[in-house]
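The following pair of complexes shares a single chain, chain A, combined with chain B in the former and chain C in the latter.
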Partner chain A sequence: MSLRYLAGRAAGMLGTLLGVAVVVFVVLRALPGDTITAKLGTQAAELDADQRAALRHFYGLDASPVTQFLRWFGGLFRGDLGVSIDTGVPVTHLIGDALPVTLELAVLAMIIAVPVGVLAGMLAASRPGAARDLSVQGVGLLGLAVPEFVVATVTVAWLASAFAYTPSAGTFVSLGSSFGGNLRQMLYPALVLGVGLAATVMRTTRSAYLEAAGSDFVRTARGKGLAESRVRFRHILHNAGIPIVTMVGIQFGYLLGGTLVVEQVFALPGLGRLLLDGILHQDYAIVQGVTLLVAGTFVVVNFAVDIVYRLLDPRTRSEGRRA
Partner chain B sequence: MTQEMPPAATVAPVALPAPRTAGQPSLPRRVVADRNGLIGVVLIGILVLVALASLVHLGQDPLAQHRTGQLTGPSAAHWLGTDQFGRDIAARVAAGIFASLRVAVASVAIATVVGGLLGVLSGFAGGVLDAVVGRLTDVLFAFPATLLALALVAALGHGWFNTAVAIAVVYTPIFVRVSRGPVLTVRESEYVKAGQVLGFSRSRLLFRHVLPNVSAPIAVQVALALSWAILTEAGLSFLGLGTQPPNPSLGLMVSDARNFFPDAWWTLLFPALAVVVAVVGLNLLGDGLRNALDPRSVQR
Partner chain C sequence: MTRIPARRWGIGAAILALGAGAMACSPSPSNGDKTGESAQLVVARTADVDVLDPARATAFSTNQTLALVYDRLIQVDPDGKLIPGLATKWTVGDGGKSVTLTLRDGVKFHNGQAFTSADAKASLDRIMDPKTAAVASSYLANVSAVDATDAHTLKLTLKQPDASLLTALSLTGTSMLSAKDIKAGTIDKKPDGTGPYKWKTWKQGQELDLSANADYWNGKPKNAGVQFRVIPDEASIVSGMKSGSFNLGIVSDPALTKQLKGNQKMTLVANPTLDYHVLQLNGRRGPLKNKTVRRAIACAVNRSDAIDTVYFGQAKETGPIVSPAYQYDGTDGLGCKAGDTAAAKKMLASAGYAKGFHLKTIVMTGQYSTSTNLAQVLQSQLGKIGVTLDLDRQQTNVYVPNWSKANFDAAVALNGGSIDPYLQYNRYFTTDGSLKVPAGLTDPKLNSLLRQANSTTDLAKRKQIFGDLSKALNDDSPWVWLFRNQTYYLESKGLTGFTATPSDSLENLRLAGLA
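After this line comes the complex of A and B, so read on.
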């Protein structure tokens, strides 16, 4: 992998990040309703023109859109994402509290889903068209087709009737304060997230495995009498690894923006709930901050996956060197 | 909503079909000849019929509330039971399917036309247009799909058409990529070269020669996009950002059913089942299309 390639990719990534910031700003300026009305509610009707203008000035809403963008964009570099209009708390603090919850949820879901998905995919691909293949594929399709909100709703209802446990945001136990207590609250939401994820990983593994299993080096390995398990893991799975790693990386990025339903149903104070609250209260700064963070992370993760991909595959590495 | 088909990953490689030769069965016949395709066509056909039935109010009014007979199980009078306001679940599921399909079809139609045209044009013309469209798609691809749909719905406001537009924006870049790629190959083909030599206009080349030959991968993507749109619409409604009460929506019905499950299981099971049938049906239809369009494809 040449330095030039790396620099080119990094520059492209920065360009995309800038584009993301512009899109986030433009889309969310179009949010319906006036922030001041949202903040003051019915009292807003009693403001006179001067008070209204003063408030607009205080929140920086009187400047031109370009100035507002530059102000906001400049703030990003100082780690300033603005202040929640609703509560007056800096958005960075809110995100700082919410991010660990979502990250933990995403990591737990991955830990559950990746082994299950890879093993199920290998099982299905070991006999294409056989009963085991069709049943794994059928279960996988169901895993993709049953909406997450249904799985989450049923799980919560079952928890309530079986253990009289009802999730509520007030009683959230952070990872720092009690490991066991935290895990008890996070396990079920992570399982729910893991269902769809495992199905996706399974499908990718199955097709990548079949692709690799049909190649000449696998026939050679079998021909020289290697044990079947060695052929399966060392030769086939190893070579099927790249699409799987790519898929897992992309899915991780999606998870950061996709835990919303589960956080809402299980009342976990993560990024998704923060975002939803921001939308419902028309709190621009929160929505902008969370969207930007998630999209930004997603771009960076994809960049990292691309680099890991090149490190994993000696063929792309040597091509890079020759270039 | 993580089951969202990750857009970048669903850009499935679809081989360009060989030009149709005499005696070969037509595309619909080939789709139905495929086992998955047939199941998909049947499932979607049933859903469409149910959705159309809701338009003529066969039997029950989905909005009519009743003081008595709330939360009753399936019976002869109410085939799928009633909800907490005594409304008929069967009528509400049928109307909900109609609402889902309406958003899905509208959003995918917009995304296909806009994305497909942009992709074909930028692939065919190259140059500045291609570069600009390429950068824009990159930026839209940088957002996790659910997040972008959510932010757009927040910005556009409620209403089925706004939801459709939000989903369409998320899906447009996928259609740009899916249609642009094959154009690069077709552009260099001999029949397009021949057309150029014969002095055909650019628009004639584009619409009569290039477009028909890149429609195969787009068709497969349409089926997958529809299934994703149905899941997203249901998810947004579940969160309270899509269809607003009292209008029936599958996502909203599941959300309401939370408080009555598992005792009144029918309030949750039937709307959930409708979403599952739609998504499974569309995925199988997509498989069928892919197999029908590419004779070489082995079922993976």
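After this line comes the complex of A and C, so read on.
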């Protein structure tokens, strides 16, 4: 991995983020209404001109969009994402509180989804068309087809009626303050996310595994008399790794921005809820900050996936050297 | 394809089993097992407090919460009557152009300071100061001066008589703040009032803890404190109630309440609020300019059928006036029985619209759960007389500007009511009302009735004027009044002493305990 390659990638990443910053800023302002209508609803119509002007000034909406953008953009370089219009709390604090929750949820979901998905995929691929393949695929399809909000709501309702337990009812406990308490609250949302994700991982694994299993080197490995488990994990799975890693990487990026529904149903104070509240209240700084963060994560995860490719597959390494 | 020995899959099976095992374990909630006055009440609702400054509070959950920490000069009893709050009595003088209030002695802010007329003056002056950007400032538009004549007397001088001012002094927006806090600029940082509860800790978006104010002038609360939990999903609130995690759950979706029939763990209380569902008509456009047409539409709507579909039969029909203090026959002046399709058809024909017409109808989505359902019911009912509602569902931020510019033929709306009918309608139907555009029409009769009502504080006179107003509104039918909005309170078995109020305030939480 040459320095030049890394520098090129870094520049590309910054360019993407700048684009995201501009687009989000413009789109937010192009939306009908503003913070005042979002907050007051039809009551906003009752404001007289003086009241409206006072509120616009209070919320910093009286500055021109260009000034607003430069103010916000300049802040980015000082690590300042602005403050929430509603509460005056710096957006960096809000994100600092919310990010660990979503990150933990995403990691837990991955811990559940990857082993389950990969093993189920291998199981299905071991005998394509057989009963085990069809049943694994059937369950997988169900996992993909049933929307998260249904699984989540049904889980909450079932836990309440069967075990008189509601994971979201208590005060949220952070990982730092109580490991067990936190895990108990995170387990069910992570399972709900993990189930859907496992289905995706399973399907990718199945097709990649089937493709690799048909290769010559697999026949050779078996011909050499290698143990079946070694053939399966070392030769086939290893070679099927790239699409799986890509899929897991993309899904992880999605998870950071997309645990919204689960956070909502399980009342977890994560990024998704922060973003939704920001949109509903048209609290520009929050939406801009969170979107930039999610976009940034996507960019970084993509980059990390590229690096993992290079570790998994020597062929992709030489390209970089040639460049 | 080679066969894979089944035992190889043991690992996968083990992991799946692990997940299933974890699902089966069921930790029981520890909700505090204290009862009586040492109990802390846990209240679940969907929204958090959004601002801490009462003068800028508009969100429902914010008003509800800040009203527990702050007091107003005047309070409202369950029948909509004004009763003493921080003011023990008030007299209207100078032909209605002054109000003198006697303030309660011995009241203390949570910070230990005594409440005096200086605090009251500073609180009202602050609302009228444009720099505060107070939404409540319009309530005090008629006030020209606030004077603290002695430590416990406050005199308001008015530009013109304003009977509704007394009601305005009972709203969260006109809460009494400490002059010291105003000076220090801490109002929107740490609530500090004279109310039954003290502000303790707040984790934004998650939970808020209030502790009982043992020195409360109206009696120490019957519980140690209240914890509000923010559970954004109403179905999760219902689940939490079933598992016994909350003492009180507040929800609005009528569909959820169907699940609760026969549930032993909680009691469901449906509370009609002052907010009302209404079909607003734009009397400045097309066929709707004709009064007979508007009345035909009002006659064709069958309220009780609509309630059956939208609220599963449980809601309160309403005419124009929603206040419990002023009750009239809600259809008086309409000239027909509501839901009389045949009469409505005849009226349309007599106005020359036998073939019917289309109405561009805006519907707000995302703000309350029943809007679309209600719009569809109205669409099918009015379809019977040939009036076609073309429904245009719009997000709040799209709806609000269209609504305020009256960019609609009809609007399915949920409007805020008041215990004072003048406050309910002056914005719409007086000639300088801030909402005269979305009101859909101007009627000099409505204007003069409203002005008369606000120029007198004589209760008997007001009762008569508002009765005339109700009749005149039905006669003119600028809108079709449907039914009151409803909030559902889910009360856990052990909860005692809590009663909901028409304004949906939680002031009675201080009387609630756990048995």
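Assume the second predicted complex is superposed on the first by the 288 of 323 C-alpha atoms of A that agree within 3 Å, B and C clash if a C-alpha of one lies under 4 Å from a C-alpha of the other, contacts with A are read in each partner's own complex, and residues count from 1 in each chain.
Criterion: a residue touches a chain if its C-beta (ideal position, glycine included) is under 8 Å from a C-beta of that chain, and two chains touch if they have at least 3 such contacts.
Predicted model only: the values in this text are computed from it and were never measured.
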Practice prompt. Answer with first, second, both or neither: which of chain B and chain C does A:Leu311 touch in the superposed model?
Written response: neither
Discussion item. Is A:Leu134 touching anything from chain B or chain C once the two structures are fitted on A? First, second, both or neither.
Written reply: neither
Fill in: Which of chain B and chain C A:Gln264 touches, first, second, both or neither
both
Worksheet item: Counting only touches as set out at the top, which of chain B and chain C does A:Thr291 meet: first, second, both, neither?
Response: first
Practice prompt. May I ask you to decide whether A:Ala120 touches chain B, chain C, both, or neither, giving the answer as first, second, both or neither?
Written response: second
Worksheet item: Is A:Ala157 touching the first partner chain B, the second partner chain C, both, or neither of them?
Response: both
Discussion item. Let me test your reading of the model: by the given contact rule, A:Tyr165 touches which partner, first (chain B), second (chain C), both or neither?
Written reply: second
Item to complete: Examine A:Leu197 and indicate which partner it touches, taking first as chain B and second as chain C; both and neither are also allowed.
Response: first
Worksheet item: Touching A:Ala10 in the superposition: chain B (first), chain C (second), both, neither?
Response: neither
Discussion item. Does any part of chain A touch chain B in one structure and chain C in the other, and if so which residues?
Written reply: 31-32, 128, 153, 156-157, 161, 264-265
Worksheet item: Across the complex, what residues on chain A touch chain B?
Response: 12, 15-17, 19-20, 22-24, 27-28, 30-32, 109, 128-129, 141-150, 153-154, 156-158, 161, 193, 196-197, 199-200, 204, 206-207, 210, 247, 250-251, 253-261, 264-265, 275-276, 279-280, 287, 291, 294-295, 298-299, 302
Response to the item:
chain C contacts chain A in the complex at 1-5, 8-9, 11-12, 15-16, 19, 22-23, 26-29, 44, 50-52, 58-59, 130-133, 135, 137-138, 188, 203-207, 229-233, 235-236, 238-240, 242-246, 367, 396-401, 403-404, 413, 415-416, 427, 434-435, 437-438
Practice prompt. Within their complex, state which residues of chain A touch chain C.
Written response: 31-33, 37-48, 50-51, 54-55, 57-58, 86-89, 94, 112, 115-116, 119-120, 123, 126-128, 153, 156-157, 159-166, 168-172, 184, 187-188, 191, 194, 213, 222, 228-229, 232, 264-267, 269, 273-274, 277, 281-282
Discussion item. Per the contact definition, I'd like the list of chain B residues that touch chain A in the complex.
Written reply: 1-6, 8-9, 135-136, 138-140, 142-147, 150-152, 154-157, 227, 231, 234-235, 238-241, 251, 254-255, 257-258, 261-262, 268, 272, 275-276, 279-280, 283, 299-300
